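Got some structures for you, see below.
Here come two complexes built around chain A, the first alongside chain B, the second alongside chain C.
Let's look at the complex of A and B:
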């Protein structure tokens, strides 16, 4: 298992390299940080030269990524022009904020999804099953921004500002008590959780149903094992194997920043930062966030594979 | 005659489907006495396994079960779910056909035996584990200590079935139901597993219902045989009565269709045709369309299961024409 993990970690290096090279070339080829200067030349020659130097625009587009890699290896990810701070600082700040809503959303979402999966599988075709199936299809069909707006309307407007929705969230929650942080986190986290529940409970229900029909479930019942134990131990333990993979992937997606949900709630996370970086052609920040999300995705994929081996004794990683 | 351990009376099992009720078991009555081995023989779909699962009450809730099952003075069909749970695995235990899928892949074999013990007895983990290792040794699993810590996929088919047997006898049940215990195994280990099964059955003194389609298996291991076809009991009797003095055309056809290595018979006689549909079955005897002795009356009324001698009974209207021809008896 250790050798496998090390091999997989080494493999992330070329993967990251290729991903970032492509993004670097792609963004460089389609944007021009010099655009604002064309009209004022030659009066603004100094500023023009600064930009050329800052982004190495005098070097071939195919070579530029290597200069960026060189700096990145020394811990210098550049400067974010759209936010006005070094990219490393922006990343630390924004990733923390994103995690503040992503982690609770994931924990609540996956717990509820498991409960609903077990309920629906045990009471297949019951009223409750149809009810939750209908709800989850609604959740799947609804775009994230609609859900976020509906939640804002219900909890922020109709219910008299219970959760203190502000026009702008102000960034890293330092001066606030945990309760205040929780209040800020609640609505965006809930939006993300609902989207997760909708997808995962469908998958979980199907997996539970499949496992409840297995022969070993009948064996467990024939042994006189209590039904609750049959469901929660024998069936769920097997159903968790594919679910854990799904969870690792969805958590990595959440940690990479939810652009739409963060935007609707003005949440200062990676998603809003990325959107702004794209709009302002903030090349260093685009690359910084890409590096972060690529790293997270690769690591969580590895984690999913390792968990798979831990949960299923038939699978040996080597 | 001792009081029977199990008395099944006019059992009917039907599965509701969109097209109607599939009647998998019709009017099945039989008894099992303490310590005896009753073999239930028949083709796939004859209702053998369905009968066994009805005794264990392991059918889906929607299944329509009629008649009565009396086990050791307990009305099985009248128990509530929790009472039934405490009977399963403790008083009646079951061994399933396919040991590949009947064990949970994510728990160790020892763990699953321990679970069977602890489902009925409040014993500490280490005591139960010790007992599990003993049981594995009893059913002939080599290195039981090490093997108990392994997962089912690390066991061969024969070893898994031994583990299933260990699990089934862990609470010394009064009745063992073995549903095709050797069918999924390699021929080479079938005999070994059967030997183990008979040994533990003798040692624990439990009665056994041995469900099989392998008549060869029956001859060496059962006290009595019950032949089933198309949801009904066709004939019942001792080994000799069934093998040498059968009074039923279906039983005879079944016997003619098995290879006999030691015998002089040159050609196997397959039974022509297929079993009838159990959804809207045709009137009359289920075997009539395939029966070489059928008369016109056979396709209008279902014959009764009539006694031939004490303990021997056959369901055929020509039962009197079927006097034994061979000199074996």
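Let's look at the complex of A and C:
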């Protein structure tokens, strides 16, 4: 297991370098930080030189990424011009904010998805099953931005008009006390959770159904195990194995920052920082966030594979 | 060299399932679904004929609804604007921000453009990009997957590292760099979206080809003197045609959602062109006063993707002779 983990991690290092190299070259090749200086050149030579110095523009575009690599390996990810702070600080701050909505969304979403899939599988073709399956079809077809706008409008605007109070904060993190933070987190986390439920509950229903038809379930019932225990201990445990992969992937996607949902709710997380960095061509921050999301993706994929082996001893990793 | 008899539990339900089950004959040779169900009934919990018929009816009815719905939406987008008096970029400042009426079916926007005509035009644009992406990504992905699966070895490694690379590089960076370099016309957008979306199909096709090339019937064909071309067309391709038909359908939905999301963020379709995503973005500012204006293009996106998914699920069941009546 340890050897497998180490080998997997070693394999991803060149991948990470290539990805960051391509991003660096691609962004540098299509943008020009000197653009504002061309018109005023003789007068603003100092500023021009500073920019050349700051972005290493006197070095070939193919070599520039290595300067960044050298600094990054020493823990210096550079300075974010769009936010005005060192990239490491920005990353820590924004990643925390993103986790603030991603973790509740994930916990609520996956719990509800499991409950729904158990219900739907046990009451196959009942009204409830059709109802929830229909809802998940709808949720799967709903782009994140439509869902987030609808939720924002219903809970932030219409309900406020109905009751004459402001029950929900529709955007931007303002809260200080835990209760206020919970209020701010509620709507964006709910949007993300609904999307997760839609994707996971249909998958969970299928794996749960498949497991309920297995021989070991019949054996368990035949030897007199109570139905509740058969469903929750025997069938569900096995049905969860393939769901774990799905969870690892969705959690890594959530922690990497939900660009759309964060933008609509003006949430100061990684997603909004990333979009802004792209717009302002903040190369250091773009690379920093790419590094962060890539690391999370790689780690969670690895975690998913390891968990798979732990949960199902029949699967051997080598 | 063993023929997998049972599907692995769960992962990529349906798709991996039909991939794991290898056939060398065309679909017309397979038992009709009635016979297959009747045979399966012997080893499984018996279901009444009425139940099975009802389930199959439901299943195919959904696919049918999906197909008809998609055609109707396409017709609405293509034909209906002919009967409108307005062009999609015609401004009429006097009539700005009107609600829906007989004259302007969906109302008008801030500079008096007819929103129905704009929605139809945006919808056509979205559908066009979605279709192009689906075809491009499927062709490229199937090709890469087939090459990786057929040759294996280092070629397989290179392709799978390429897939990993695409998963690691954020799509938004690729998109904005590409747009800055080549512009963001519908064709450029389609190319870059296809370049991001081919990986799933490649993985599926690779898996199928990987198994087929070791099967006895391929060796038999080779021993009988069949050329590589004949083996691929007659013996290998029938095994992943069904998978591809499903994937291309689902990909159409994915591409439309992705395109509209990007356009919503301002990274996709640029004015003067409009897509369903830019229409939502345009209407976002006035959502407090006029939520309907956001909902109409959003509703069409949801409807298109819903129908596409119905169709994809129906196709998956129809093209997988082992599938039972579920969902």
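Everything that follows uses one rule, which is that the second predicted complex is superposed on the first by the 302 of 318 C-alpha atoms of A that agree within 3 Å, B and C clash if a C-alpha of one lies under 4 Å from a C-alpha of the other, contacts with A are read in each partner's own complex, and residues count from 1 in each chain.
What we mean here is this: a contact is a pair of C-beta atoms (placed from the backbone, for glycine too) under 8 Å apart; a residue touches a chain by one contact, two chains touch by 3 or more.
Note that this is a predicted model, so its numbers are computed, not measured.
Contacts of A:216 after superposition on the shared chain: chain B is touched, whereas chain C is not. In the superposition on chain A, contact of A:311 is made with chain B only, not with chain C. By the touch criterion defined above, A:297 reaches chain C but does not reach chain B. Of the two partner chains placed around the shared chain by superposition, neither chain B nor chain C is touched by A:159.
In the superposition on chain A, A:107 makes contact with neither chain B nor chain C. When the shared chain is aligned, chain B comes close enough to touch A:234, but chain C does not. By the touch criterion stated above, A:225 is placed in contact with chain B alone, chain C being left untouched.
Of the two partners chain B and chain C, more residues of chain A are touched by C.
Residue overlap on chain A between the chain B contacts of one complex and the chain C contacts of the other covers 238, 241. Put simply, chain A touches chain C in their complex at residues 12, 15-16, 18-19, 22-23, 26-27, 29-31, 133, 137-138, 140-146, 149-150, 152-153, 157-158, 203, 206-207, 209-211, 213, 238-239, 241-242, 245, 259-260, 263, 274-275, 278, 286, 289-290, 293-294, 297-298. Remark: chain C residues 9-11, 13, 44-45, 161, 164-165, 167-170, 172-174, 176-177, 180-181, 253, 257, 260-261, 264-265, 267, 277, 280, 284, 287-288, 291, 294-295, 298, 301-303, 305-306, 309-310, 326-327 touch chain A in the complex. Those residues of chain A lying in contact with chain B across their complex are 214-216, 218-227, 234, 237-238, 241, 311-314. For chain B in complex with chain A, the touching residues are 56, 58, 81, 85-90, 93-94, 96, 98, 101-107, 115-116, 119-120, 151, 153, 164, 167.
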